[in-house]
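Both complexes shown next keep chain A, but they swap its partner, so chain B is in the first and chain C is in the second.
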Partner chain A sequence: MKKLLIASLILVTHVPAYATDTPISGLVQTRCLITTDTNGVFGNPLPSKLSTASADGGVVPVVRYDVTLADAYLAKVTTPTAFSTSPSLSDSVKWTGSTAVSKTSDAAMSGYEAAKVTYGSTTQFDLTKAGSTWFSSTATAVYGVSKSFPGGSYTAIVLAECIAK
Partner chain B sequence: MKAMLLLALLPFGSAAAHEMTPTYPVFTDSFMAGVSVTTMNLFNKRTDVSYYEIGVFDDEWEPIPFVSQYTIIPMEYLDTLAFDVYVSNLSLNSVEYICSVSQVQAGATVSSKICSRIK
Partner chain C sequence: MIMLVVALLAIYATNAHSEYLYGLTGNMAGTGHTWGMNIGPSGSQSLKINGVFYQYTPVKNTEDDMVVHVRNKRFGTNEYIFSSTDDWSGLPGGIPITKGFVIDNLPIELWGDGSIDVEGSGSVVDANVVYSYKYNNDCLTPMSDPSCSGYIDAVLSMMGESKIEVYDPLADENIADVIDEKAELDEEVQQEDDEKVKAKDRLQRMLSGVNDSILYANVSSQNLLMFAMSRSNNLNPYYDKKLAGGVYKETVILSGGELPDNAKGARAGLAQQLLHTEMVSLQYNQGD
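Let's look at the complex of A and B:
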């Protein structure tokens, strides 16, 4: 019995532990991800006016930029200057629009709004910090001189660009 | 820590994202003499986009001739795709940007464009 116990102990203590290191590898690349956070909707506060402003019953489109490297990208957001789909229009449409920083993931990005550059319908932001930035764009279309927009479906496109510096 | 948080959050973001890597591609010799190639990766997480258009531009945003498997790339939702961009060595020094632009369907309100830069 004693020999059996000793033999068992020797066996048990010599069972090898098959432990091994399992590597997990990954590659983090410099990248820019453009995400449509909120699709815009036109409100129709007046017969001659379509607007994404919430005060006009619209929904402001929001685009999020995620960048993993500081000072590597420019964000350019262009508000629409034409409808991509609409009923047939016989008069001109006057467009106005603007883009602003609505949220950031880092307090150090607070200077983006003041440093933005606007030309035409495009607003350019220098993404000098890594992280996420949300941009909201308002767009307003006024038809002719107080003319009523014809009934139908209207769509316009906001262009969100991320350009490597 | 912030980078880790960002990476953790990205896969769980909105269902409408567009990504192209690398940010700074490098051209190398291709199997054809006088032609250089670089490989780009595209990721479509936009449910409202099924096609992306590829373009190559100089520093004045003038288009530069290139060859790829696709000019318009069909992509399903959550597809990732690697594609090669071939450029003649004669125009290689002029190449500044390689861009992908989403081709939006009726009803979409945001078009996305990502440009990588040759350094």
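Let's look at the complex of A and C:
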């Protein structure tokens, strides 16, 4: 009987252990803002060629990077390697493209162009200065071997990324 | 008192404030690397510069030193009210540079000529300098808005030229005249009111007499009407009377069928005629 009472007291006085989750919230403001400055347009100088070059009747797309923190980001701009929308194509398309600094907001950014790194269809710029930089990309698509593009609407995408170092 | 006047002017000017209009200039560096600041709509008042934007392309060798200044002189001085410098030393050219600046609404009067100045080796091409501005047309009178140029001078000038005196309205001849005229006018109005009351009483009396006359006339006309109606009733029975028999025959009978002359009457008549003639003749013979 005594043992049973003691056991009961132990059960009654036992306090269960509670757990709680305390949230931690935070807000990171972007210090690299990418804005499309000019939408590109394909010109069609030849039946088999689509080009954004102004000499070919096209419009060069321009993208602007606004960086408020110097030497913290890389700008990566990738020219298209395929149409995002197009008529049905039965032959291959050969893509060429390039990206260059078209305008800066600081004289010190003029070195970006010389320091850029290109691999594949991607061009990478080291944004060492705070401010705005405009990048323009050209893209050219040639269909087959002097084969005419089918009539229709063609769309391609330039991918612009801001990568933290 | 001076403080009060200034405060009132400030309140008035605040109430008179209107919204600004905004605009952009064209390329001020389009025809050269120096330019004047004759900008904004003609006749616009209180024009203020609130932004400067420029773009140019440096032409240089990377190893050369080159500094480019885009600036405006402060009007009337050798200092600069706006200046932006780009140091291209050791940097490649060929890539356009573009910059924008927010200016704290500096009045156009402070802005002197603008220029793009190059120090070192190199040059600038495709220069484009644009100013943004705001203005309103409410400063034709400088005191209309504290932000108008010349506002303070205008207020101080007015304070210096004006004599601040305590104004006694009762000492103002114009106001005294107006008060007198008003008193006379009130008196005239009072007299007119009295006359109106009297005229009203007279009119009421007249109208009461007329009412009596009308009442009397009504009574008389009623009586006449009743008389006429009764006379008709009284006369009508006579119209219905008829003579008995209807014919009155001749009843005189002339015996013998001859009527002799009345000698006696003739004599009497002749005597009267003679006497009359004698009497008439007497008036003609009176002068004999």
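Everything that follows uses one rule, which is that the second predicted complex is superposed on the first by the 135 of 165 C-alpha atoms of A that agree within 3 Å, B and C clash if a C-alpha of one lies under 4 Å from a C-alpha of the other, contacts with A are read in each partner's own complex, and residues count from 1 in each chain.
In this section, contacts are C-beta pairs under 8 Å (C-beta built on N, C-alpha and C of every residue); 3 or more make two chains touch, one makes a residue touch a chain.
Note that the coordinates shown come from a computational prediction; the quantities given were computed from them, not determined experimentally.
With the two structures overlaid on chain A, would chain B and chain C clash, or do they fit side by side?
With chain A as the common anchor, chain B and chain C both fit in the superposed model.
With the two complexes superposed on chain A, say which partner A:V93 touches: chain B (first), chain C (second), both, or neither.
Touch partners of A:V93: none, neither chain B nor chain C.
Look at A:T36 in the shared chain and tell me whether it touches chain B only, chain C only, both, or neither; answer first, second, both or neither.
After superposing on A, A:T36 lies in contact with chain B but is clear of chain C.
State whether A:V60 touches chain B only (first), chain C only (second), both chains, or neither.
neither
So in the superposed three-chain picture, is A:S102 touching just chain B, just chain C, both, or none of them (first/second/both/neither)?
After superposing on A, A:S102 lies in contact with chain C but is clear of chain B.
Between chain B and chain C, whom does A:S110 touch in the aligned arrangement: first, second, both, or neither?
A:S110: touches chain C, not chain B.
Please determine whether it is chain B or chain C that touches the greater number of chain A residues.
Looking at chain A, the partner in contact with more of its residues is B.
Taking the superposition on A as described, I'd like to know which of chain B and chain C A:T155 touches: first, second, both or neither.
Once the two structures are laid over each other on A, A:T155 reaches chain B alone.
Nearest approach of chain B to chain C by C-alpha atoms in the superposition, in Å, rounded to an integer.
5 Å.
Enumerate the residues of chain A that count as touching chain B in its complex and touching chain C in the other.
105-106, 132
Hey, which residues of chain A end up touching chain C in the complex?
Listed in rising order, the residues of chain A that touch chain C are 101-111, 113-114, 132, 134.
Quick one: in the complex, what on chain C touches chain A?
Its residues touching chain A are 55, 58, 68, 86-88, 91-100.
Flag every residue of chain B that touches chain A in the complex, lowest number first.
That would be residues 2-3, 6-7, 9-10, 13-14, 16-24, 45-46, 48, 97, 104, 106-117 of chain B.
Write out the stretch or stretches of chain A touching chain B in their complex.
Touching chain B from chain A are residues 28-37, 39-40, 61, 63-64, 66, 68-69, 72-73, 84-85, 105-106, 130-132, 155-165.
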